[in-house]
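One structure is given here, and the rest of the page talks about it.
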Amino acid sequence: MQRRAERNFPGEGTMEAIILQILNGLDKGSAYALIALGLTLIFGTLGVVNFAHGALFMIGAFCAVTMQRILNLSFEQVDPSRTDFLGNPLKVQVPYIESWFGPETGGALLDWSVPLSIFLAIPVMIGLGYAMERGLIKHFYKRPHADQILVTFGLAIVLQEIIKYFFGANPIQVAAPSVFSGSFDFGAILGFDPNVIIYPYWRMVYFLFSLAIIGAVFSFLQFTTFGMVVRAGMADRETVGLLGINIDRRFTVMFGLAAAVAGLAGVMYTPILAPNYHMGMDFLVLSFVVVVVGGMGSLPGAVLAGFLLGILQSFASMNEIKSIIPGIDQVIIYLIAIIILLTRPRGLMGRKGVMED
Amino acid sequence: MFGLNPRDTRFLLIVVFLTLATPLLLQPFPESSGLAQFNAGYPDLMQRFAIFGIFAIGFNILFGLTGYLSFGHAAFLGVGSYTVVWMYKLLGYNILPGLVLAMVISGLFALLIGFISLRRSGIYFSILTLAFAQMSYNLAYSVLTPITNGETGLQVYSNDPQVLMGANAPTSPHIFGLVMRDSVQLPVGDWLFTFNIGYYFCAIVAILAFYISLRIFRSPFGMMLRAIKTNQTRLNYTGLNPRPYTLAAFVISGIYAGLAGGLLAAMDPLAGAERMQWTASGEVVLMTILGGAGTLMGPVLGAGFIKYFENIFSKINDNVLHAWFAFLPDGLENFLVALMHPFVGKGWHLTLGILFMLVVIFLPGGLIEGGQRIARLFRRRPDSDSRHQPKPAPHVGE
Amino acid sequence: MGILEVKGVGKRFGGLQALGDVNLSVAENTVHAIIGPNGAGKSTLLNCLVGKLIPDTGSVMFDGQSVLGRKPHEINQMGISRVFQTPEIFGDLTVMENMLIPCFAKRDGAFRLHPFETVANERALNERALQMLEDLNMAEKRHMHAASLSRGDKRRLEMAMCLVQEPRLLLLDEPTAGMARADTNNTIDLLKQIKETRDITMAIIEHDMHVVFSLADRITVLAQGTPLVEDVPEKIKGHPKVQEAYLGQAH
Amino acid sequence: MTNSYLTRRGVLKTGAVAGAGVALPTIFTAGRASAFTNEPMGGTVKLGFNVPQTGPYAEEGLDELRAQELAVEHLNGMGDGGMLNTFSSKALDGTGILGKKVEFVTGDTQTKSDAARASAKSMIEKDGVVMINGGSSSGVAVAVQGLCQEAGIIFMAGLTHSNDTTGKDRKRNGFRHFFNAYMSGAALAPVLEKAYGNDRRAYHLTADYTWGYTQQESIQASTEALGWETANNVLTPVGAGDFSSYIAPVLNAGVDVLVLNHYGGDMVNSLTQAVQFGLRDKQVNGKNFEIVVPLYSELMAEGAGANIKGVYGSMNWNWQLQDEGTKAFVKSFGEKYGRPPSNSAHTCYVQVLLYADAVARAGSFNPCAVVEALEGFEFDGMGNGPTTYRAEDHQCFKDVLVMKGAENPTTQFDVLEVVEVTPRAQVEYAPEHPMFGGAEATLGECNSGA
């Protein structure tokens, strides 16, 4: 079945190709790291296997779609000069926002719908996370992991079916603001020939955005008393409980935070990946692999593993490597996971005794 | 009898009876009634009940007893299917060589994966098995297309060698001339019962599989496996190395999975790569937990439950709903149809998801616990005053 | 020549010298106690004896064979059983099943696949397990879940599980730690009963002087990873070095 | 073939005659009353519509289902009759098929060959259907086609574009109205030549499964015939989501055309990302860089949004065509569902009518009679111009549409515009063409289950 035309360009532009794949890998890695970060927060703080985490990512992405829909809320204007597919006069949709603010401001708001949806996603995701924890997960802390898997998997199915009910099964395009729609010449900055290392603006934005989020989560845990208590709770829940601190309440907030991180990862990813209702399931397995490779309960591990797997996956997709080992890009993530878990029993930075029984 | 105590013998006989009577039991509604939609007594679904029952029973030997949660058992299912179809292609349509080889090959495959994966425990073990299975799936879907026929699924072509195929041999899967697809139909009044050879073959294999699992549960080996789940440290300091036991359990459950996969191909001579996907591995995990992990019958119930939804609920469309409620006034009819619409047909996933949640919330022990609660309702409570006496441990397998 | 000979055992954890040149000899059919203040290296020593840790230097001989480099289950098969500080039992299994596992382990060795035998049919083993439970007054609880036993009963069960293997050496790691006085006394009585009725060597690591002095034939005092003195209990009581070690550790 | 699938309704009738309620295993496989699988005995006949209702192609499946329901309505004489009025064959009269009212059952293929076969089997065994129609992927089509062949009923494929369906996996009981990868290539090539010249270097990104392989092979062959060079073909994992690491190397490969052999969500993502990487703004070898998406579907084009502007691709049919058949179908579909039909909906609708018509002309539901009636059948008025069901491989031959992403779409429904209707003669090929299994591929014998 191998029907490839053999023609490679060995040597030529290797350095450029490597830089490009590192950039791609960082971007993939950002998404992996953000999802894994949220998942680890839930694992580490609550000890809950959350199979609905991918669904949270997906809901985040659909916050962007919803925002776009809201901004696009329109009234109908009949345009007698044109006809629709049945030959009737065409009804043109005019967004309220354009009629209120004028086409210019309105158009700009529409254009910026993805960044704007962050403001929608944060309250929605925190609320959803809070509701999930209080309404459901709370009752499963003392239940076996198997039960947690079953209930969160059920929840994931329900969430995605609800989204499917309202938004359909097709991918929905959500465009980045037109300022970021193009790509810029990254190679020129580094002193390469122009036009060899081109990189889309939005991917750069996404990378920086994820760094900001990761930084924010870490400094929140590092520098606030709230974060200190939570970190202590991650290390030893019972002792912190004995100190008279209501650790459960704080963990609820952490669940909301984790949901928000997943949601924001989803929102900003929409211009790169058109959201569809089952994207959560596609990311679920991957995010578990990332978390475990990073080591259970280790936040830096999750981030590190996310970027590592992203970059390695990008390298594995290079023609030069695929022509040596066909299909390596299909399995690289799993292969790396196996190698790491066999050489480092608890992943890259895992702690002993977390989720080992 | 059969090396079992009287209680287990009774249990086994009940299972045998239920399995053999399935074609009758699953056909409770008359053909002409609207509820005939819920009848499940047709060969394909009954075969699936038996086959996925075997899969789940095997998985339960690993997960239910040792607590090691494998997320890659679908790989063995796939290997079993591919083996059987390849035997069709090379030898002929007799299913026996394929099934035997399917068990051997999936056992060897499980030995390899288990040997590596069992170096880790807990979620690290789960991810290792998942990684192996996903690699198998991805490769089978793409690079290994010459062996697996990729997305289309491996099937038999007329120009395949089939060296053992006699001139008059059946051209579909059979065992020494008994064709799997053949059925006997029995109309009784408005009921129609189908007795399918393939189903009965699967049923006999399933009963054997169940019997072996029952013996394993009651054996010292089974006890060791349960001990592993409870306390590995103590086991170590009791002079036992848990690894050979877990590996044996892993291989046994891998063989069960390979057998189930082989039977799938024996009933329907096509092996698709999706059988190895993580969703398929996840499905057997869900079946086991849903039914009740560590119990003998639970996983079988769970398997039946999920397959029933997949096959029956997905086929209910608006037309069917309208037919059910046709006796109502139009407004009410439309309202009820609209109300049920999201939960059936293309919405069968939603119903399944909700039921997963309800079962796990209200029946922590799975469906089997639901059954026990119902049974308790009907039973007199003779010892309500002896509540404070030491509670005897529940018999494993209830 | 004792049944257990520890010679020059040392163990470091990074910069910390947990054990330095420990020599110890436990004579057959005696009760040998190892005492010492916190951090004296008692648990490290015990872990070196059962294969959980491998010492950096020295040798550990059991009945003339080296135990070093062997896995815990192999060492157990040589005839060493261990009782833990918090009882390690199979919580999900019944008391009787808890007893049967060491019986099978004793009979079958490290691994034997017997999927078609039935536990109930192993008459001899069942009788032996039951006999042991009766000896320790646990017989009427044999159908209970082990996890639902009281702490004292868990200790008893663990002891029974070790004894049913008929070990030549029984290691006890603070068997009364965290117990109420009554439970402690019960445990002492139990150990006395075992000592009197069986040919068994016991090595006890213990904090509680009351326990030690009620049971031990010989006592080794460990401080900062090295043995201070080894003698019969009467002599240890007033030994100046011992008092210094304990008082220096004022608590 | 042994007799295996039994008539449910048929048996009920005979059973009732034999003495209602007498529990006798009278009916063994040999002594059955019906002449072929699921012979309709009463006043109704059941068709099975097996489409993806969950998973990535659920929306397409839904549209197919709409069309199939519409077809059943028209067959039963309800609604405005749609294409029945423009169909060249007049054997159908709106009273069902052969006087039997048409009923249907639906199932979910989940776009997995296993699930699709399970669903199809339940239709055959439980519901007693005589024909199965639908599907949205070639893997499913081949799997279900094989099943229908074994069971002895007719399979009218839905959306399946792989050469294999009527190539190496062709079956006597299966029929494909949809066009295939070879036709896509043959239809696209002249248009690509006109638009982009014949000195181009192409880079292929191909979905790593059988459909991707056949499409890539076809496009490569037909573009190389123009004089294009194929610089590279890179296989991408299905559902990869992020294609950046496959697209980035294209920038420096010295090529000026990117061919995306992707479908569905993969197509939406790879196209969007290629545009984001600025490929279409580039100039290579003094020419504008171009992207080609050989297989289009309007539902997926909608998902790709503005990125699709000016990108060439091919389709089996489009609602914007102006012939009478298309107009009639779009009108009745649009009035019922408020949206124009997709090309997969069209194919399913036409397939149902073609089956019904073949039964009516044959005067029997017997699959072998139906096969005979359909083989070599020539018809018109179904939206594709004069069409033939070729007897040798059961592939429909008709004009193929070359489409382009519209520059200024007015609604979500006209994001694509018809550029050219490539005449049928240009896309024809020999039945033993090497891409279609060569001389070895055979339809086998017709199976009626008797």
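Order as written gives the chain letters A, B, C and D; numbering starts at 1 within each chain.
By definition in this document, a contact is a pair of C-beta atoms (placed from the backbone, for glycine too) under 8 Å apart; a residue touches a chain by one contact, two chains touch by 3 or more.
Remember, predicted model here, so these are calculated numbers, not experimental data.
Between the contact lists of chain A and chain C, the overlap consists of B. The set of chains in contact with chain A as well as chain D comprises B. Centre-to-centre separation of chain B and chain C, using mean CA positions: 46 Å. A separation of 34 Å divides the Cα centre of chain A from that of chain B. Chain geometry summary: the mean Cα position of chain C and that of chain D are 74 Å apart. Our note on geometry: chain B versus chain D, Cα centroid distance of 33 Å, whole angstroms.
Chain contacts: chain D has residues 54, 58, 62, 208, 210, 213, 235, 237 touching two or more partner chains. Across the assembly, chain A contributes residues 1, 326-327, 330 that each touch 2 or more other chains.
Touching two or more other chains at once is no residue of chain C. Shown are all chain pairs that touch, namely A-B, A-D, B-C, B-D. The residues of chain B lying in touch with chain C in their complex are 3-5, 212, 215-216, 218-224, 226-227, 229-231, 233-241, 244-245, 248, 252, 390-393.
Per the touch definition, chain B reaches chain D in the complex via residues 31, 39, 42-45, 48, 138, 141-143, 145, 149-153, 155, 157-159, 170-172, 179, 181-190, 192, 194-195, 264, 268, 270, 272, 274-275, 310-311, 314-315, 317, 319, 345-346, 348-349.
Those residues of chain C lying in contact with chain B across their complex are 50, 71-74, 76-77, 81-82, 84, 88-94, 97, 100-102, 104-106, 108-111, 113-122, 141, 143-145, 148, 161, 165.
Interface of chain D with chain A (complex): residues 54-59, 62, 208, 210, 213, 216-217, 220, 230-237, 239, 241-242, 244-246, 248-249, 251-254, 265, 268-269, 272-273, 276-278, 281-282, 299-300, 302-307, 319-320, 330-331, 334-335, 340, 410-411, 413-414. Of all the residues in chain A, the ones that touch chain D in their complex are 1, 3-5, 7-9, 13, 16-17, 20-21, 23-25, 27-28, 31, 82, 84-86, 90, 92, 164, 168-173, 175-176, 181-183, 195-200, 202-203, 271-274, 276, 278-279, 282, 313-314, 317-319, 322, 326-327, 329-330.
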